[in-house]
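Before anything else, here is the set of structures, which you'll find just below.
The following pair of complexes shares a single chain, chain A, combined with chain B in the former and chain C in the latter.
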Partner chain A sequence: MLPAFSYMPVLGFDTFSLTPWQRLLDTPGLAEMLLLSLKTSILSTLLSLLLAFGVICFSWGTPLWYKVQHWLSPLMAVPHVALAFGIAFVLMPSGLLARLIAAFVGWDYPPDWQTVQDPYGISLILLLVIKEAPFLVFMMAASIVQLPVADTLRLGSSLGFQSGVTWLKLIWPQLYPMIRLPVYTVLAFSISVVDIALVIGPANPPTFAVQILQWIQDPNLANSLLAASGSVLLLLLVVAVVGAFYLAEWLLNKLTRNWLTNGHRGRFSSFWLSLATKAWQALLMLFLCGGGALLIWSFVWRWRFPSLWPDWSLRSWERAWGGMSEPIANSLVIGLTATIIANIISVILLELNDHQRQKNESAGRWLSLVTSGAMYIPLLVPQMTFLFGVQILLLQWGAEGHWLTVAGLHLLFVLPYCFLSLTGPWQHYDRRHSHQGLLLSGSWLRTFLQVKLGVLWRPLMASLALGFAVSIAQYLPTLFASAGRVTTVTTEAVGLVAGGNRRLIGVYGLVQMAMPFIAYAMAFFLSHWTLGNGRIVRRLNS
Partner chain B sequence: MSLVLDKIDISLNCQRLLNNICCRVEGGEVLSVLGPSGCGKSSLLNLICGTLPANFEYSGQIILEDVVLNHLPPHKRQVGLQFQDHLLFPHMTVGENLAFALPGGYRKAERRERVEQALVDCGMSGFSGQNPSMLSGGQKARISLMRTLLSEPKALLLDEPFSRLDTTLRNSFRHFVFQQVQSRRIPALMVTHDEQDIPDKGGVIRLN
Partner chain C sequence: MTTAVMAMALLTHSTAAISQAEAKTTTWQQTVDKAKGQTVYFNAWGGSEQINDYIDWAAEQIDERYGITLEHVKVSDTSSVVSRVLAEKMAGRKDRGTVDLIWINGENFRSMKHNGLLYGPFVRELPSFQGIDPQQNPTTILDFGEPVDGLEAPWGMAQLVFIYDTEIVNKPPANASELLEFARKHKGRVTYPLPPDFIGTTFLKQLLSELTTEPGALLKPVSEADFEAVTSPLWRYLDEIHPLLWRGGETFPANNLALTPMLDDGEILLSMTFNPAYASSAIASGELPKTVKTYVHDKGTLGNTHFLAIPFNSNATEGARVAINFLLSPEAQAHKANPDVWGDPTVLSMSQLNSLERKRFSSLPLGPATLSPEALGKALSEPHSSWVAALEEAWKTRYRQ
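Let's look at the complex of A and B:
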């Protein structure tokens, strides 16, 4: 906070003043940038909510629902920078989409569209929706099991309501309060996101978070103070938007009271539901095409515009490989360290919670509420604001630029995801297994390792993969902690945006996408198979 | 008003659950279907409601007031369903729970009047603004039944309606239900596994 008021001894600013604030408020285009950030975040959050809810309404209880749930983890594991590159390759004026159209219409030149980095931020919103909708579906899926959905639907239809209206009037009002915090994290994320906005967001003016990063990277040190006050303003913006969302919920709740009980049973609900499904399918298609585009471009040598078939070559891989081994090794080491530590901490915290709860039910419940609440803090506070402060601390301690520092910062963002994903399984664990184990073995440690971890092996593996995926995707924490000395695949990939070399971007994007996938594949393997008598055998509880 | 089941067969994976059920329930009558769990009672209710899962197969006709229900979607069948757990909506007050079920045609003042009347009918006037979670089991049961009846169903299905209530409540609620069915002159079909639930008059189908 202090640098925002012109106090930053590290850089030689040691008097308090409001000048950075004045300069900030005098920045040309400030209002535009703030509005852009607001617009993209609110629109993308609302759209994602709508889509996520639509998908649940439409597919709940059908085979499609199991398929959707199956696909969620890999969807969420894809690093958003790689995704942004892929989508950009599909949408850009000389991208796959334009080529496909050109093949039919007969264009010779790329159309004059500004579909990527468009000034309205449409492509940014689209990408945020692709990123956030699966996350919201995931959170809804985790909460909805606590509601008597099947009975409510039966009751609704026996009272004469179409199923869409039953969802809207009966299930949604009960479901939303359960996913409120995740929705706020989505809001906060989309306001403060930097890496995606750099790749696919508007460039001039950029979103406010990107502008702050540019101030930080500016060689003129006075701009650091500007960045400091800017990052505080960003935090205020997030608080204001979340507050406004809360207010809007409250108002909507008041206003719809009458509508809830007005007895309208609904028309066209199946039409709206099928629309949601179509939109969902379109997003999935775009997602797959994005991955495909990365793959294609990484093997391209020359690709003139209207042609659908490029000249293939392996040269980009050969060229990139030499420079890539270091970032890959860094990503691996940092990701593994952060993930393993995060899971150990999560398990210890969960065990402490359990222990406390056994001793004293109410105190235990309180403790677990506090810990899971605290876990949301790194997800709610804009990374920019938070990391700016951390960077100044690191500067003072001289801890910048070591891979352990980077891993430590990653840990801050990996931990919440691991903790939250392990909370459910830990709560559902049948404690009698442990009691029995303790009676049989007499050893607390053996019971924990062989019985409890054995039973909870699968969620643990899933959490490890998730943590690794989160770490791979981190851009800002790496940038801030490394002082440019530790490069990861992600920082390198974002760094390529300015160069605009699509072949290299294709290679880096693909590698970035592949890393979490390999982690997921390994987790899947480890959770289903194990070594027994020197041979690989299937786990009994897989 | 009458509910007719005509030669109903239900089978799951080629295994016959119900065989040739034929019956006719007149308005104001309660027909009881008695049998142990797993004998296909719930499937029969699901069939009448239109919520039978797709992996079940059935033949025969369900006729309500001379209309064949077989191919109508669930929300157009006008069949009220009463569950064993009463499933009051936790995000609405008691009054709103009742108003929710009223058909859309009524004007605002009339809606309020009907809800008040329903509360009086079940001996709970003054509870309109209450949170449903504060009600006792018996009160929940009554509100839930009134809610079903306010939706003006042409037939009422009761799915083990008394099994979650203790003995004293059970008797008074049973009496209340049968009285409501009689005064509204709608056909009712009750599924239960307990002999004592069966009303004094009215038919019984026993399944094994």
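Let's look at the complex of A and C:
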């Protein structure tokens, strides 16, 4: 925080002053950048929330729900930079969509469309929704099982409520407080995100977080002070938005109390719910097309607009392959280390919580609240603010540039996701299994390993895969902790943006996408099959 | 007698000269010995396949000949390396720095020099420096108006060239005013990279050099000039051309390489680059059609030199110097100048080389889209580096929506 107040002795700025703040306020387009950041984050969060809720309302308890659940993992696993490229390849003026239209309309040149990097940030919002809505669906699904939804719905319909109205009036008020923190993390993430804003966000002016990165990287070193005060302002912005959300929640609560209890059974059109499902399907389509576009470009040699059919070639893969083994190995080692440690820590914390709760209900409840609250801190504080400080610390310790440091920093961001995804299953674990085991074996450890982990094997595998996916996607933490010496697939991919070579972006994007998918596939395999008597057999509880 | 004395004197004189040269080679030999086994972290922009492949080649050669491991740390923006070295200084790290060798010039160099972040002077001790003639190439000792003072070694030359597709455009614009006419005729299909991108800012400086009524003022620090008076023709020009540009001049592509696929798709008609051989290598890698060519403006375009420097806290200064010396050698420079490899023009002056070394360069192919040195013409001098920040600030104030 000190440099924010003009204190940076090495550069000769050794007096405290407000000059950086003065300069910050004089930045051309500051208001526009801040507004842009606010707009993209609030709109994307609200849209994701609406979409997630709509999808859950419409599909809960129907076969559709299983389909939605199937898509959640891949949607959450895909690294957002690769996704941003894929979607840009579809939407840009010379992208797949425009080529399709050109084939019918007969355009010779790409249209002057502002479909990506548009000044309003629409493409950025769209991408954030694709990324955040599945996360919110996932969190809602985890919370909703704790509510008596089926009973409530039956009760509602017996009283003549339409199901949509039951959801809105009876379930939502219970559900929202449970997903409040995830909503705030979504808000904080979308304000402070840098990598996808670089690829698909507006450029002139950019969002405020991108501007801070540009200040950090500015050769004029006095701008480091500007970056420092900027990152403090970014933190304030996050606090303000979260506060505003809380206030809005409270107001809405007050205002709608009457409506919630007025007994109107409502004529809540199912049109809106099916619209949410349509939007969900549209997002899925876009997601698949994006992946397809990356695949196509990675095999392209020449593909000028408006041709629909490229000249194929393996050259991009051949060229890229040699330089790729090291980043792939680094990503694997770092991802696995961070994920495994994160899961061990999560399990230990959850066990401690359980233990505490058995001894003393209220103290245990309090402890688990504190731990899960603490888990949200790395997700809520803007990465830029946080990492600026971390970099200086690492330098003082002389720890940067080693893969273990990178893994350690990844751990900070992987741990919360693993912990949160394991919390639900741990709470729903039926303790009678362990009691039985304890009676039979007499050993707490054996019971834990053979019974409890056996029962909770699948969520554990899912959490491993999720943690790995989170680690793969980290860009800024890798950059700051590695001093550029440890390259991962993600840092290479973002580095290539500068080169603008779509073929190579396609190759790296695909590899980046493939790694978490492989992790998910392995987790799926491990959770259903096991080695028994030297043969692969289906697990009992799968 | 006198002849004998004279002969003696001559002899001693020449022995002295020989021993001086010997001393120089022995100290250099000591450096080479000390460098053996060192690992040099070379922080260089990693956005281009050709350049990355060239650095890989150089690393192999250096490993084979000197036993030095050259690790290419691919960075997306050199200024982030500058800020990392700064952060190290801030944290009080005087040795074991994370950067041993950095590809640099212009503002980044000025910033490092003035903050005491560089090792040296070391350039004149390098045996390969003989090949460089500062008289002929003044930019090898004056980096954007900033004296180099032996703190960075010239590595390659750059000159702004424009790219167009001969199949779509018959006659490219030859100067700023023709460019305005061209943009009027092809509305929405001309653009330039968003300042403060390097090429974007260079394009502004190119326009300024062509349009201003006081070109002399550009060579001095901006603080000594009447900024408004010198730059007002530029802003008038931009005010006029911006509405005619791609996206109505409201937004711009992130950098010059982002222009390449846009040119390929016909989304824009002109692109620009600082590497005269870039277009040829883009044809070779399938990124541009075979019909593209390059051109320069009739009064010349801006040119400069890019350099290699060593941060103050590097632990492998010997290794870094030996690596630099290799990169400046006629062999490495000729390989780099080959358009099939990278196509980066050499910093060496042919007059300083022997005939065998000269032949390495004269036998190079030119590349299908590259201009000959005659067609490229004389490079315009870059404005003093202090103009960059001033222009970028003024541009932001005017054109950030």
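Keep this in mind: the second predicted complex is superposed on the first by the 518 of 542 C-alpha atoms of A that agree within 3 Å, B and C clash if a C-alpha of one lies under 4 Å from a C-alpha of the other, contacts with A are read in each partner's own complex, and residues count from 1 in each chain.
As a working rule, contacts are C-beta pairs under 8 Å (C-beta built on N, C-alpha and C of every residue); 3 or more make two chains touch, one makes a residue touch a chain.
Worth saying up front: this structure is predicted, and the values here are computed from it rather than measured.
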First, second, both or neither for A:492, with chain B first and chain C second: second
First (chain B), second (chain C), both or neither touched by A:395: second
Partner chain(s) touched by A:117 [first = chain B, second = chain C, both, neither]: second
First, second, both or neither for A:108, with chain B first and chain C second: second
Which of chain B and chain C A:503 touches, first, second, both or neither: second
Touched partner set for A:261, first chain B, second chain C, both or neither: first
Per-residue touch tally on chain A - higher for chain B or for chain C: C
First (chain B), second (chain C), both or neither touched by A:170: first
Touched partner set for A:158, first chain B, second chain C, both or neither: first
Touching residues (chain side chain B, partner chain A) in the complex: 49-51, 73-81, 83, 85, 87, 89-92, 96, 99-106, 111, 147-148, 151, 153, 157
Sites on chain A touched by chain B in the complex: 148, 151-152, 154-163, 169-170, 173-174, 257, 260-265
Touching residues (chain side chain A, partner chain C) in the complex: 8-11, 28-29, 32, 93-94, 108-110, 112, 114, 117, 119, 198, 202-205, 214, 216-221, 224, 301-302, 304-305, 313, 315, 319, 323, 391-392, 395-396, 398, 400-401, 483-485, 487, 492, 494-504
Touch list for chain C against partner chain A, complex: 41, 43, 45-49, 52, 71, 73-84, 86-93, 96, 98-99, 106-108, 110-111, 115, 188-189, 194, 196, 246-247, 250-255, 257-262, 264-267, 285-287, 289, 389, 393, 396-397, 399-401
